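Paired with subunit B in one complex and with subunit C in the other, subunit A is shared by the two complexes that follow.
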Partner chain A sequence: MRWYRTPRAVQRGALILFGGFVMAPLVWVLLRSFENPVPYKAENFFMFLYRYLSPGQYIDVLFHNLEYWISYWNTLFLTVPTLLLAMFLVSLAAYGLTTMGDKAQNRILAGYAVLALLPMQMLLVPQLIALSNMHLRGSRLAVILIGSFTPWHLFFLHRLCRRVPDSVFEMARIEGAGELTIFCRIALPQMRMGLLVFGIIVSADLWGMVEEPLVYIQDITKYPLSVLFAKARGELSYAGAVLFSLPVVVLFLNGIWGVMEKEGIQG
Partner chain B sequence: MKKYWFVMVAAGMLLAIGACTLISAKNYAEDLAVVTLTSTAPNAIREELTVDGEIFYEEISEIKLPTSCTVEEVFAGEGAWLEAGDLILRLKESDLQIAYYEMLLQAESLEETAEAEAEEFRGGLAAWQLVRLREEMEILEELISQEGLICAREEAYVIYQGCEEGKRTDGETVLKLGLPEKGYRLEWAVDMSGFREFTSGSAVIGKDKRKLALGQPVYKNGSYRYSVRLEGEERYAQGYPVRIELQYVSEEYPMTIPSSCVRYDGTGAAYVYEVVEQQRNFGKEYVVWKTGITIEDQDEKKVVVKAALTNVVVRSSKELADMDAVAVLED
Partner chain C sequence: MGYWRKAKKLFFVLPSMAGTILFYLFPLCYCFLYAFSRTPGRFTLGGLENYNSLFHSDSFRLALGNTWLMMAACVGSLAVLSLFFVYILDASKGVLGVLVVLSMPMLLPATLITRCMEGVELAPRLMLLLIYLWKYTGFHVLLLKMMELTMSPEWIEAAVLEHARKWQVFCKIKCWYLWPYIRFLLIFDGICFFRLFRESYLLYGEYPPDEVYVVSNFFFNNFQNLNYQRLSAAAIAALIPVLILNGLLLKVGRKHEMV
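On to the complex of A and B.
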């Protein structure tokens, strides 16, 4: 059997085609976000430009949409504490798990795997009952607590933590370091890059959460922006979406550059 | 510096979000239209119409002379008020006597003809002419006996005076006298096609604004006319102006709103803006809803509607559109 190398032009063409397919919704939203909110008739070139290259939607969202910005703050109030708490709890859990024997680790991870495989809808009711008993239903804390510990987070960080050789922890213990010192001085610095990537991925997930606030908060004044998009119309759909994704994009690029720089990866 | 790049970006974004929130809040407050509200209330529809009318004499006495004669003196001109016995004119007595004797000769001739040809047409005609001639002669006799003076027999107002001193009368009507003793009549004619039948009306007369209740209208010659008798001692000139006030008051409708609430779209359909409260993420918000209405009746100030409406916008500081957020001004 003879193998043929695919021509470079075909490779690039396929890359552009698939890349374009993936990017199409993003490009579409970006282009539509510059459409004038007032549908002027494009009778000449300048009117065409004014119709399809206008900052009108952005001005409306930036300076004339109080509801949007209140929801933006709600998103921040939910995402930032959840992310920080998740990073703290999960890194602590991942370190704790690595200190156990292999058998125990595998059993506990198997239990988490079962939990991770359960559909969210199955967990909603028990979680809601638990939160109601804790008198947290309707508060932001309910979403923060539920969001800050998700089984798959542990899988992710556990794998990072296991990359640190056990001998390093053993050496520290022999030298007389306590578990907290080992966690803070050895485990966390070793997991730093992993935590950064974890933070980026989890923040993107939390930034767009819809079900949790809808189920646990049930109060329009505390809903994040992602819920507001459910009833979005006009300029909120395009310019609002672009502005909404901006912090996540900036965070992602900023974080990825940091990781690449640290890992010595050339861009 | 590179170490804090992430923190600086995050802080910058937070600042930007904070600034946008403040500007949006300021613009939100400034963009709000300030509205005042009302609700449907039971009320009656009222219409008023004010027109100008005039006073006329119910009876006018016309004085005609049977013959042409010279007017020696005019004592009362047009618009003069006369008491019983007041002098009006003095005619030249000799003219009256000459005319009387001419009539006398003519009467003798007519008598002869009437007797000679009593069975003929000419005889009958002469007899009829004789009767009329004698009536005129009686008037002349009376004038001659009064030495050519014409006096008012009762209280009167000189509506028309057709004589001039030193000139001869034309033998037609020389005087028209309004007789206040016989009463007055109010008249006004106005096209009232746009006005419904009034339920009450009044006439305001004179400087003391005396009010008289009016009766039901009579349609005549394409417009409505009303007559009413004026009684009392006060005297009015012919054509004295009167203000007529007509009112229409309907039965009480259960649901009315002020006319200023009603707006009309391009097709002429009527609608109002109702204010509803809705919960937003920054708190309670008042929003206007465009509600179509059916107008059953209306006057200048009120509109009768079918549906019960609450919190209807009466006035707004800005042009409203459906679902606009508004600030409600409390009364």
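On to the complex of A and C.
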């Protein structure tokens, strides 16, 4: 079987090239985030260090920028409830779908896939009218509801959780378990890994949302940080962008390692 | 008893379905209706006026052409690049670990991504293509590699005994095994392509250069100009290719699916 493997040098070369392509811009931003906001002349070594290795941008963002923190909290107020509601709804629906026949399942998923493929800007007007009729225009709930029912969520989770065998549910039914018991005791634990991956990806998507709050909230005091960055267009510091991305990166690295360990992926 | 059981199963899907219908399907139907209206606000039948003006609009034709061209380039090159890495990389723990780190850009907010690209002078189309590949290649390779691990090694061993070459094993066994996931990723890529609007908006503002003016920009600008009937007509016109594309993706290769 050794012939079947790609030579190690080729693999390493490919990974280095690919890694350089991905990591270089990130490293560049990280380095720029340590640049002193006051552009001193780097006349000697210590001045050079003071210019290019300074926590100045981080101090500015963390301690002198109230607007940044208000928007940070706004991001949390929008992301956390949307994510929780989406996970609840989608896990129920994914279980419901897996217990249906193949034909019904495929038809429903095809419908969801069509809706998921539509650019969100396309539905802005009718969604806005629907939200206005429900007196939700301008409130955070508008973004939370639109975000929780996004069609690609079900499409995505269903694919991740498709491997749960139907016979497991059937056995439980024969033993007399109700649908709700099966969902809570069997389906949810089986879907745990899929839900974790889903949670990571959806939270990252929600963390960076721009169009939805811009259109549905229309109140500058309730805008998340991503909108603030969009409006500032390059005026906010690199440190601000790094700090904003940090929770998503930590969540991702932690979560995905957990998935790999629990799934027993050894390679 | 049978009906009750079916109704109970439907009960699980119902909350999600109700919301999707209310916030996505109804608005789409509303778009369909509104595309034939002459006036904003109240419906007055205007026939095909909106479609007529839409297809005579240079900006819409430019947006539609750019969308399909860029979508084909982005999704196609991403699929080829991902499969290339799946082909040459082994699924060892070290490789998977590196791939985890390399799939990080997918999760980064558009803000950071545009900051990363600051100072890079490239043609706008190439810039967006690079951002797209940069964001999603790692995640695609990781997902396909993880799915490859669930494949029975006996299939490959059997192929090796039959003197199959590596590329034959890849094309005729692995790719077919991975096809449902590849298809899922192709649909997901389409969704992600429209999300590239965020980066485009942050990089080039509301009116990007002509080469990267896509339907998302067209929709957003018409929305801001309160041109709702035109927006609705454009939505319906853009829906048809989406339906065809989706139908094709869901049908192709279903017969040969292994999982």
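Here is the rule we go by: the second predicted complex is superposed on the first by the 243 of 267 C-alpha atoms of A that agree within 3 Å, B and C clash if a C-alpha of one lies under 4 Å from a C-alpha of the other, contacts with A are read in each partner's own complex, and residues count from 1 in each chain.
Everything below uses one rule, namely that a residue touches a chain if its C-beta (ideal position, glycine included) is under 8 Å from a C-beta of that chain, and two chains touch if they have at least 3 such contacts.
Fair warning: this is a prediction, and the values are worked out from it, not measured in the lab.
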Subunit B versus subunit C as contact partner of A:Arg159, first or second or both or neither: second
Subunit B versus subunit C as contact partner of A:Ser71, first or second or both or neither: first
Touch count on subunit A, higher of subunit B and subunit C: C
Touched partner set for A:Leu117, first subunit B, second subunit C, both or neither: second
A:Phe149 touches, of subunit B and subunit C: first, second, both or neither? second
First (subunit B), second (subunit C), both or neither touched by A:Thr6: second
Which superposed partner A:Ile108 touches (first subunit B, second subunit C, both, neither): second
Touched partner set for A:Glu179, first subunit B, second subunit C, both or neither: second
Residues of subunit A defined as touching subunit B within the complex: 62-74, 76, 220-223, 228, 246-247, 250, 254-255, 258
In the complex, subunit C residues that touch subunit A: 8-17, 19-20, 22-28, 30-31, 34, 85, 87-96, 98, 100-112, 115-118, 134, 137-138, 146, 149-150, 156-157, 160, 166, 169, 180-181, 184, 187-188, 190-191, 194-195, 197-198, 201-202, 205, 215-216, 219-220, 223, 228, 231-232, 234-235, 238-239, 242-243, 245-247, 249-250, 259
Sites on subunit A touched by subunit C in the complex: 1, 3-6, 10-11, 14-15, 18-19, 21-23, 25-26, 28-29, 89-90, 92-93, 95-97, 99-100, 106, 108, 110, 112-127, 129-130, 145-146, 148-149, 151-152, 154-156, 159, 162-163, 179, 183, 200-201, 204-205, 207-208, 210-211, 215, 225-226, 229-230, 233-234, 236, 238, 241-242, 244-245, 248-249, 252-253, 256-257, 260, 263, 265-267
Residue numbers on subunit B that touch subunit A, as the complex places them: 5-6, 9, 13-14, 17, 20-21, 23-25, 27-28, 31, 279-283
